[in-house]
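Below, chain A partners chain B and then partners chain C, in two separate complexes.
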Partner chain A sequence: MGLRAYVVRRVLQLIVTFWAFFTLLFVLFRMMPGDPTSMFIMDGMTPEQREQRIAELGLDQPLYVQYVEYLQQLLTGDFGQSFIYNDPVIDIITVRFMNTIVLMGTALVIAYVIGIAFGALMGWWRDSRFERGGIIVTLMARSSPEFWVGIVLLSVFVFWLGWFPSSGMRTTGGELGGGFVARYGSLDFLHHLFLPALTGAIVYLATPTLLMRSTMLDVLNADFIEIKKAEGLPERTVLYKHAARNSILPIVTVAAIATGAAMGGSVVIETVFNWPGMGREMVSAVNQNDYPLAMAAFFLMGSVVIIMNFVADLLYVYLDPRVEYE
Partner chain B sequence: MSTERTSPVDAATGTIGNGVSYLRTKLEIFEGDRLGQIGLAILAVFLFVGIFARPYTIEFLNVTIPGLAPYDPTERAVGGRLEGPSVAHPLGTTDMGRDVLSQLIAGTRVTLLVGSLAAFMAVFIGTNVGLISAYFGGWVDDTLMRITDVVYGVPFLPFAIVLVAILGSSLVNIIIAIVLILWRSTARVIRSQVLSHKQRPYVESAQAIGAGHVRIMYRHILPNVLPLTFLYAAFAVAWAVIAEASLSFLGFGDPNMLSWGEMIYNVYTANAIREAWWWVFPPGIAIMLFVMSVFFIGRTLEKEVNPELKHQ
Partner chain C sequence: MEMPEDSTTRRTVLKGAGMAGVTGLTASLAGCTGGENGTDVDGADELADEVPEIHLVAPTAGANPFRNELASAIEENWEEIGFEVNLENLQFNAHVDTVVVEQDYDASLLGWGGTPERIDPHTFIYDMHHSDNTQQGGRNTPGWEHDEYDELAELQVTQPDREERQQTVYDAQEIIAENQPRTYIANEGGYHPYASARVENVDPTLGEGLNSFWNMISATPIDDDDTVRFGYPSEIISLNPMQDLATPDRQFVRLIYDQLFRIGRDGIPEPWLVTGEPEIEDGGMTYTVELRDDLTFHDGEDLTVDDVEFTYELYADSPTYGGLVEVIDEVDTAGNEITFHLEEEFAPFTANVLGQVYIFPEHVWGDVEPEELTDFEDENWTGSGPFQFRDWERQAELQLEAFDDHFETPNADQFIRIPGEDTSQLVNDLEAGQIDMVGAVPQPTAVDRARDDDDLDLAEFNAVGYAMIEYNTRREPFDDVAVRRALSYGVPKEEYVEFIRDGMGTVTHTTISEHNEFWHNPDVEEFTEDLDAAREELADAGYGWDDDNRLHYGAE
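Here is the complex of A and B:
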């Protein structure tokens, strides 16, 4: 099977996966406790108003009609009204989504930059005290749930040292600029961003570090490294230009998958630091029975995971020509 | 082949002897592996604490084995509110005057329960899916692997939160949510392993003498992929424990089964993180140590499964 056939096949799989995911969402949210009408109905309605509202929402239709309408709404980005905010869900969720992307994006970039460097050095100095210590530290970070790392950082840097604010995304009453840079570039914002991003970075650090170390060990056993050393190149050149560069390949696909997985992790980190992102919004929406909002958040998180898994598969075959398409 | 097995003298005790020697070979892989030994030791301590957390009464002997927890973990006001560590309460008390050490000890049992049950079920499903998928191939493989793909597209925490909201916050429902997601990685790995085993001569010879599908799959191929299953079981335990702790921290835990994650949720909702370090640090450290011990053991198993790692 050639590359083109593989891509076509993978796109078809993507569509099937999305369809299955949509269906799962439909089933789950129809099973939510309580009569599906009761959650859309405000108190104090007359029976006629109630009937009318049910008809408006299409809830008097048979289930398969509702299902088809539901698919149409999802595909057009229509997620209905939020009960708590009384605003269109799409408006609320896009703002929250951006906040989550900024937070988790920062965390992932830090984790992968440090992880790749750290892992490369661990592989380079194998069997050293540095390597053994590094493995233990990495495994410790990996063994800690996100909320635990967050709480330790809160205790040390906020409650003990008082260096950072404990929660939120900006100081209340702070100016809210219009543009992206004004919004996410201000010092106040970065001050708030530091700890939650560091929490994510610590948790996600383990995967690139351990992977980089083990691919480095493979690459360092290869003949061309011996040749480069024999050519008399300085160690540093061999490490950076030849060994590390050839070890990065597997990290790229893992990074794509990790980006998807980080969407789920955002739920916990945002809760600890009261970050106004999608994950925290989802938790509070479920707690307050705001189903349209909860569903939209779930939908977005799942979509990012599915798309990133797809990207990872394509990157994998694109970057490594030796891969056989199966 | 061990010599015990063929010796007629040992015939009677053979099975026991085999069992012991099997266990010994399993433990041998930990020799010279410091991290693996530390992992085993920590896990043993947690097992001990979890098993003897609460008092047991052996009715017909009229004996009560005292539990390790000094107080009833849910009893209020056994001490003052938010008291720091003291002789009576080595880890202090909660905002309701409950004993933190007793809660920590009781939480060990919940963690062991979730970790072992969820991992066992997930690996059981995953191994079977992988085995059946790879062995039969064709549309069976296609169907099972597409289902696996879909599960890979579902982010765990949002899924678990919604599922627990539907089914109710109980430990069983949390384990169900974990298992429904966790089986996917085992299924993929076992499938690729079985694909390579399927081509080997021993499978062909089994087919030649007329062995059935089930027999070939479970008697011939399965024992060869079992070490990998054990490795994934270790990772599954770690993952399940973190998953349960995260869910409990978010407030979706079982209110009747106090777990470490729920302890931290309680500190958080009581707004006591700032002052009550004795309440928030022990459960967090316990989670970290437990998961670490499993990872350390996993590393040792990994070297066994993938001998190339030994030389690294």
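Here is the complex of A and C:
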């Protein structure tokens, strides 16, 4: 099978995956007990008000009607109105999604840059004290739950040293809104970003480090490294130019998949640091039975995972010609 | 997250503590320490079928850790009495849906909030207990029907004389206590933490603590900082007063929009946009008030009687809040006077209508169609309240600033609301100096931390609402008053307040909180934990126990 046929088939699979994912989401949310009016009932919503609201939201329609309508809506790129906020879902979600991407993107970049370098050195200095210590540190980071890392960083850097703010994305009381640069470019923002991003970085550090180390070990045993050494090249050149570069291939695909997973993993970090991101919005939307908002949030996060897997597959084919299309 | 094992352990420890120290509790625990059947009470000799299993719905530990723990204690006691209990823990929305809407439950442990508009007894007496309100989603969730009671609940509406109405409300509470359609457990007052090093003049009030309107206009920043930063564990939904609003939304909407009357610190409606008490004529059928002449909206336009008349028409047309003003037949204006002609007598009119309807600027809302009211976005949320809207980014912060032309200018120039992830995260922020107040009750450990911190303090408040068990009286055996009374004897109210809530709140036996002094009847029948009394109730009503201590109907 040629590359083109392979890509076409993967795209078709992608479409089926999306449809199944969407349908599953729809069914799951409608099976959940409660409805968007539940949270108002104890605050005084009368039975008449409730019925009227349910009808307004179209929730009195048969399920298949709601399903078809929602599917049509989604195909035109419309996520609909939030049941609770009465605002278009897309307006609510865009800002939140950007906040999450900036946070998790930073965490992942730090994790992969440090992880790759660290892993390469661990492989290079095999059996040294550096390697043994490194493995212990990496495994500790890997087995620490996100919320715990977050709380430890909070107690050290906020409550003990007082260097960083405990939560939020910026100092309260300033100008709101503004463009991308105004939001994410300020020192105040970076100050708030530091701890949550560090938490993410610590948690995601282990995978690239350990993977890099083990691929390095394979590559270092290969004949061509011996030849390069025999050529009299400096050690650093052999390490960076030949050993590390050839070890990086598996990392690329893992990174793509990790990006997807990180979007879901951010819920915990956002909770600990009160980061106004997608994860928190998702949790509150589910708790409030705000179906359109919750579905759009899950849909976006799930889409990142699906698409990143797809990208990883394609990258693999592109980067390593030995991979078979099947 | 549920931790049944943990809570059982904790309860055992608590009981130990109770045995050791607290006399009130030692007596009440006697039932648990008896012999095989735990008691000398003998029931019917001839037994019929087993009394059906009780499906008890209670919150998850995440939804409400205190009540979650209480539910396990209740389950244990009820089983001791001889019932079979199936305890189901649900998240809040699912709980409300199952119990209040679907009414698919036997017993349910839930709270009923005590907002200021519920200090007038109407909600607790009429809405929650009159047989007109037993439909799905209605306030009378137990489906309790009692003719004599209904008459009293209707009578109090027609009594503008406070003393007369008080007597009716007293009588009504006695009938409720005898019949126990619910077990009234505790008014869940508590502490709201704040930074005493950064704000002064906090003013926690009945039922609301630091969430009270009076606190928000009274709180004063110390030093040259002019801002008060207020943390609450959830985001508000909307500032549109015409949307379906939850309590946290109303607490901010009412800063921006004014009412003719405000519920005062003591729960009694006070003249706000008007010059004095309403003149009540025609045997309670007309109410006349005079508007102040110094009122403006945030955009500088005058607030006049025309805006008030417009507002009441707007409410009448509103699909969401039409019900609030349906008792009004007609509104007249003359000069600065406004007269409300009612369809029928309605004693809580001042508190529940004049005190709840927000006055809208006609020049902003004049052209909005009734069906568009809930979706209407006034970008500046122009009202006439002591604070005006500045900016809002959801999940981040809502910024308000003082409206200097108001007759009650607030003490803080800026008021910022910060939605937190949960209460413990907000207490962190408070300790880190990022916020100044928290409008929620933290866990006992966090309360202790706030108490020990020199920069922080605790604002104590009492509650009007309560935690309760509701019995589905539409079903057997809860249609039998003896069963409900017996189950009420199985609820450890004192243990709940003293140990589970670490002393926060007060035990209650009636639907009107003791802190709502004028309407509270202190002499109703009381049900404190007493498993022997529970068995006696059941034995007297003809029930009996088999050898496994399982409760049966009597054969006769």
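FYI, the second predicted complex is superposed on the first by the 290 of 326 C-alpha atoms of A that agree within 3 Å, B and C clash if a C-alpha of one lies under 4 Å from a C-alpha of the other, contacts with A are read in each partner's own complex, and residues count from 1 in each chain.
Keep this in mind: a residue touches a chain if its C-beta (ideal position, glycine included) is under 8 Å from a C-beta of that chain, and two chains touch if they have at least 3 such contacts.
All values reported here derive from a predicted model rather than from experimental measurement.
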Is A:Gln13 contacted by the first partner chain B, the second partner chain C, both or neither? first
Is A:Glu146 touching the first partner chain B, the second partner chain C, both, or neither of them? first
Under the stated touch criterion, which partner chain does A:Asn86 make contact with: chain B (first), chain C (second), both, or neither? second
Just chain B (first), just chain C (second), both, or neither: which does A:Leu217 touch? first
After superposition on the shared chain, which partner residues are touched by A:Thr76: those of chain B (first), chain C (second), both, or neither? neither
Figure out whether A:Phe159 sits in contact with chain B (first) or chain C (second), or with both, or with neither. both
Would you sort A:Asn287 into first (chain B), second (chain C), both or neither based on which partner it touches? both
Touching A:Gln52 in the superposition: chain B (first), chain C (second), both, neither? second
State which residues of chain A lie in both footprints, the one left by chain B and the one left by chain C. 32-33, 154, 159, 271-272, 287
Considering only the defined contacts, which chain A positions touch chain C in the complex? 32-35, 37-50, 52-53, 84-86, 92, 95-96, 154, 158-159, 165-170, 172-173, 175-177, 270-272, 274, 276, 280-281, 284, 287-289
Touching residues of chain C toward chain A in the complex: what are they? 90-94, 96-98, 100-101, 110-113, 115, 123, 135-138, 227, 229, 234-235, 237-238, 240, 243-247, 250, 319-320, 323, 374-375, 391-397, 399, 414, 416, 418, 420-422, 425, 428-429, 431-432, 434-435
Note which residues of chain A are touching chain B in the complex, please. 13, 16-18, 20-21, 24, 28-29, 31-33, 126, 135-136, 139-140, 142-148, 151-152, 154-155, 159, 214, 217, 260-261, 263-265, 267-268, 271-272, 279, 282-283, 286-287, 294, 297-298, 301-302, 305-306, 309
Of chain B, residues touching chain A in the complex: 35, 146, 149-150, 152-159, 161-163, 165-166, 238, 242, 245-246, 249-251, 261, 264, 268, 273-274, 277, 280, 284, 287-289, 291-292, 295-296, 299, 309, 312
